[in-house]
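Handing you a structure now.
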Amino acid sequence: MSAENRTPFVRLAKRTEMSRRNMWLIRIGSIVIALILGCLPMLLTGTNPISAYGVIIQGSVSRPVYLRQTIRTAIPLLGCALAIAPCFKMRFWNIGAEGQITMGAVFATYFALFWSGKIPHVALLIIMAVSGAIAGGIWALIPAFFKAKWNTNETLFTLMMNYIAIGIVAWLQGGPWEGRKGSQLIPMFSDEARLPDVLGVNCGWIIVLVLVVLMFIYMNKTKQGYEIAVIGDSVNTARYAGMNVGWIMMRTMFISGAISGLVGFIIVSGANYTLYSGVADGVGFTSITVAWLSQLNSFAMIAISMILAILEKGSNTLQTRMSVPASIADIITGILLFCMLSCEFFINYKLIFRHKGKEVNG
Amino acid sequence: MEKNCAIEMKGITKRFGQVVANDSIDLQINRGEVLALLGENGSGKTTLMNMLSGIYQPDEGEILKDGKTIYIRSPREAYEYGIGMIHQHYKLVEVFTSTQNIILGLNDGRMDLKAAENKVNEICDRYGFEIDASEKVYDMSVSQKQTVEIVKVLYRGADILILDEPTAVLTPQETKKLFAVLRNMKADGKAIVIITHKLNEVMEVSDKVTVLRKGKFIGTVKTSETNPQALTDMMVGHAVSLNIDRPLYPDPRKKMIIENLTCVDEEGVKKLDSVSFTANTGEILGVAGISGSGQKELLEAITGLYPVKEGSVRFIKSDGSEVELVGLTPKKIRQTGVGMAFVPEDRLGMGLVGSMGMTGNMLLRSWKKGKGALIHKKEPEALANKVMEELDVITPGVNYPVRRLSGGNVQKVLVGREIASEPEVLMTAYAVRGLDINTSYTIYNLLTEQKMKGVAVLYVGEDLDVLLELADRILVLCGGQVAGVVDARTTTKEEIGLLMTQFNAKEDER
Amino acid sequence: MTTLITLIVAAVTFGTVLMYGTLGEILTEKSGNLNLGVEGIMYMGGAFGLAGAFYYEKAAGAAASGPVAITLAILAAFAAGFAASAIYSFLTITLRANQNVTGLALSIFGTGIGQFVGEFMRVSEGGYVALSNHLKEAFSATIFPGFLINIPVIGRILFSHTVFFYLAIVVAILMFLFLKKTRYGMYLTAVGESPSTSDAAGINITKYKYLATTIGGGISAIGGMVYIMTTAGCVWNHEGLSGVGWLAVALVIFCMWRPLNAIWGSVLFGAMMIMYLRVSIPFIPTELYKILPYIVTVIVLVLTSMRNSRDKQPPASLGNNYFREER
């Protein structure tokens, strides 16, 4: 029989179900493969990958002080992933968290700069948090409004909003809020406007962990969470059930933006103590991958955001100790994301090879 | 094997997960013949033909052309074997012109749109098709789009044509034209397969009939040697005298008065044109019409899902007070205490949440109930169990995603939920489409039961036999207008058929 | 007048960078793939383009010729973008991963690789990586003779730009002709509009998506190289390159997916991005000029969605993956 006249060598079919054990085996396997692939750039620079990974782990978790720094990196990632989860559940592709963080940071900074010393410490922090959340929420609401009203593409719209927000900060930095003339810097916050530390890390981690639980409940147990799930499945079904899809979209985006805005507040008030245009530093984008790879499950997000934070923190140590560029963190993160994205394919689809009846996993 | 055999399928089996869509099917398609592939919805006709057009590959069995085994791995390969399929859902690029669509995928040297347009016009002239070769598809009507599809296949010189329910969207005149074309092509020596479930069309146009039932091959007969009754027997397995029980409700009263209801779609086309009628308690009002005559829009307009341009829908509550429904959202309608249930045509896309279990779907009608922000799952879970038991829903559990259930079970979940809301008006769109006979009867009985409870039932259907035996009155829609309302007990199939098409006939005379 | 001409020339210089990024992304998006990794792709293009020219000069020494260096830089950048997009394509087309998430992952990965290569070159070469002056000049020189440039007013506006600008215009015109006049361009449009239709018509969707996305990525990457080799003066400069990829994505929307619009659109965006240096408009702080491109893009996006005109919408399947048996 000639090669022409055969059924295709391999076909694809949707998998109906897979055991939990196999699912996790595949996911863990993909992480292992990613770490192996991550050796390549290290070898290129003449670094022993095993000792490099050793340094990454050491430099991120081996001592309380390192661990604290790692957690500090993980906080905004986790917080923002939580913000994105309801949008993605609704199949509303909000990739504007970067801008929502930034706007939250801007409003928190306003109160930090101009209200500090005028009102009690706790009150100031609460005002900063609330205003940050509202600002982030409103920033997210704008694209949601146009999506609801005219079905404007939300992916592209939210993307544009990021850079508008960042541009606004750049203007504040060099203009109205500039500290020393010509410095292009906004002054550092006074102690009044800084988040207190708990166990050596700014108390943002408590806020974010509370949010993990709240978001889990919100998505799985509340009426609003149910509405979001129905819309994500079918907008027509939602309309049929009497849901006001546009309104729910706007509400969900407001909540999402508000959480991102809160994260912005945590970043400026708990970590940077000032505002600059790179305040979000890609967190809004990275957290999207965190949310997606966690299958939008709040608790899984803790693990994924920690992995990415370990990579980032560890790579900084790697740079100082073994003079490997810290950008290796981004490379390994990228490889890790690629591998984990790929592995979902083997969970959702099965390959059927030519010989009939024979099905192979992955 | 006959000499003029174009394609032969032997022992074809195709499975989708647990479901066996085609079970060891044999089929022979001859040149110079029209073969009707007959079967109810969901009998596996389209799946079988999709394997000829390269969309699916069979799990078992073989396809022979001129005695040689062939493997059709893609639609492109299907064309190479001279097989062209006109799908029910048109596969056209909306922003392209008809000519661009027609030459899409063809490889004949340098692209010359002008020459292609000429050739398209030539084909149109020869067969009497009326399409503009340079018109964009998004400006076209449904039947024009179908014409583009047919010309596309002819343009490629296919000698085996498969048409999937081509008449579903056509007016009788268009159907006549189509059949004339089919006869011409047959005389030309082409092999034609027409997928249908309409017996009159089978008798009119085909030479041979192959009948499928629930994915199984039942038999092939010559059209000249059979009759509709025999074919029906083959299709359904036993002779259908439907014998649907139709009791009379003692005390019918007006429930819903619809006056001059007019709806316009996004493109400004009138979908409903001053529709007026009354629905009564204790009555099944059948709604008949060729597909796309405004049935969908009618039900959706009443439930607040489709924007109404003019007119009124007055709902009469049990205390005699009236509520105007036009202008209210579905949510508002529910809040004003109007008990309305709706079984939409698109079950998983509109009536149910496919990714959720039965409990989650029961919740769809009651998720707002109860105090606080949390959902209350107790009641819907109890309801899910009740529906599962009473309607014999086969599912591994109340939390098993309904998307994975079979069509009949999906519909039972949907109807079960809607009836459980104890509605005063129950509207159903194609409630038995794709269901097996037993489930269909379950649905008929449920509807009749509701009617005897004093519910006003609106039953949009496509099978006239069912409408005639199930409904009390039949409203016939044609081109968005009411062509007539007849008494189902005294009318005839012919009368309804005439009403279904009368408006279009008038249009043509103008 | 001189200010205006200087502004236009500067706008074209930066616009050229954008034009490559945008043209590549237009080709990609025409196939229905929304590749949000342009930022990373352009980083990689910048780093590898610089590396290509730099190592060529290191090998050839004083004999290094400008045209060869330019060709190698283009090829190296293209190859980098091609490879990066091949990863994206494999994940989204073959493995059906979510396009948004994969694109963002590519952005992270690509900026990482770009930075890494830039740093690696700096460290391994002991500090400073730059081309010799005569090669630098080759990259920023125009291809037209002096007398044309000296024509008053239009001379500088039309003829004083680098070879990359004219090459970009050629690419734009070729892409326009490809999409509008050739069979394969029509097929590509069909794939992006309706994959199931194209599939039924026998078009190899996978092939078109792969080719459009990888070649598009290669073209985008050239933009990164052009930035490093012209604006940044042949030195690795990640800060200046930061955000350019996203701006290119915005420009795709602004151009409504038409390559010819990219020619003037990119110059306009270029002008907006550098205007703060040269023009001041009363009441608008100059720092805010930089957000103008994003604002006008948002306005275009909103207006086209409000009008709902069928010809000006994004490719209908943009962002969605295709699986034949999924129905």
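Lettered A, B and C in written order, each chain numbered from 1.
Basically, a contact is a pair of C-beta atoms (placed from the backbone, for glycine too) under 8 Å apart; a residue touches a chain by one contact, two chains touch by 3 or more.
Nothing here was measured: the structure is a model prediction, and the numbers come from that model.
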Q: Considering only mean CA positions as chain centres, point out the chain farthest from subunit C.
A: B
(Q) Measuring from CA centroids, which chain ends up nearest the centre of the complete protein set? (A) A
Q.
Centroid from C-alpha atoms only, then distance subunit A to subunit C, rounded to Å. What do you get?
A. 27
Q: Between subunit B and subunit C, tell me the centre distance in angstrom, where each centre is the average of that chain's C-alpha atoms.
A: 48
Q) Using mean CA coordinates as chain centres, what's the subunit A-subunit B distance in Å? A) 44
(Q) I need the residues of subunit C touching at least two other chains; which ones are they? (A) 325
**Q.** Multi-chain contact sites of subunit A, meaning residues that touch two or more partners
**A.** 14
Q | Touching residues (chain side subunit B, partner subunit C) in the complex | A | 53, 55-56, 74-79, 85, 87, 91-96, 100-101, 103-105, 107, 110-111, 136, 138
Q. Which bits of subunit A are touching subunit B when the two form their complex?
A. 5-8, 11, 14, 16, 221-227, 229-230, 233-234, 236-237, 239-244, 356
Q.
Show me the residue ranges of subunit A that touch subunit C in the complex, using the header's touch definition.
A. 12-14, 41, 44-45, 93, 95, 146, 150-153, 155-157, 159-164, 166-168, 170-171, 174-175, 282, 285-286, 288-289, 292-293, 323, 325, 327-331, 333-335, 337-338, 341-342, 344-345, 348-349
Q | Of all residues in subunit C, those that touch subunit A in their complex | A | 34, 36, 40, 87, 91, 95-98, 100-102, 104-116, 119-120, 123, 243, 246-247, 249-250, 253, 285, 287-288, 290-291, 294-295, 297-298, 301-302, 305-306, 308, 314, 319, 323, 325-326
Q. Considering the complex alone, what residue numbers of subunit C touch subunit B?
A. 181-183, 186-187, 189-190, 193-194, 196-204, 310-311, 316, 324-325
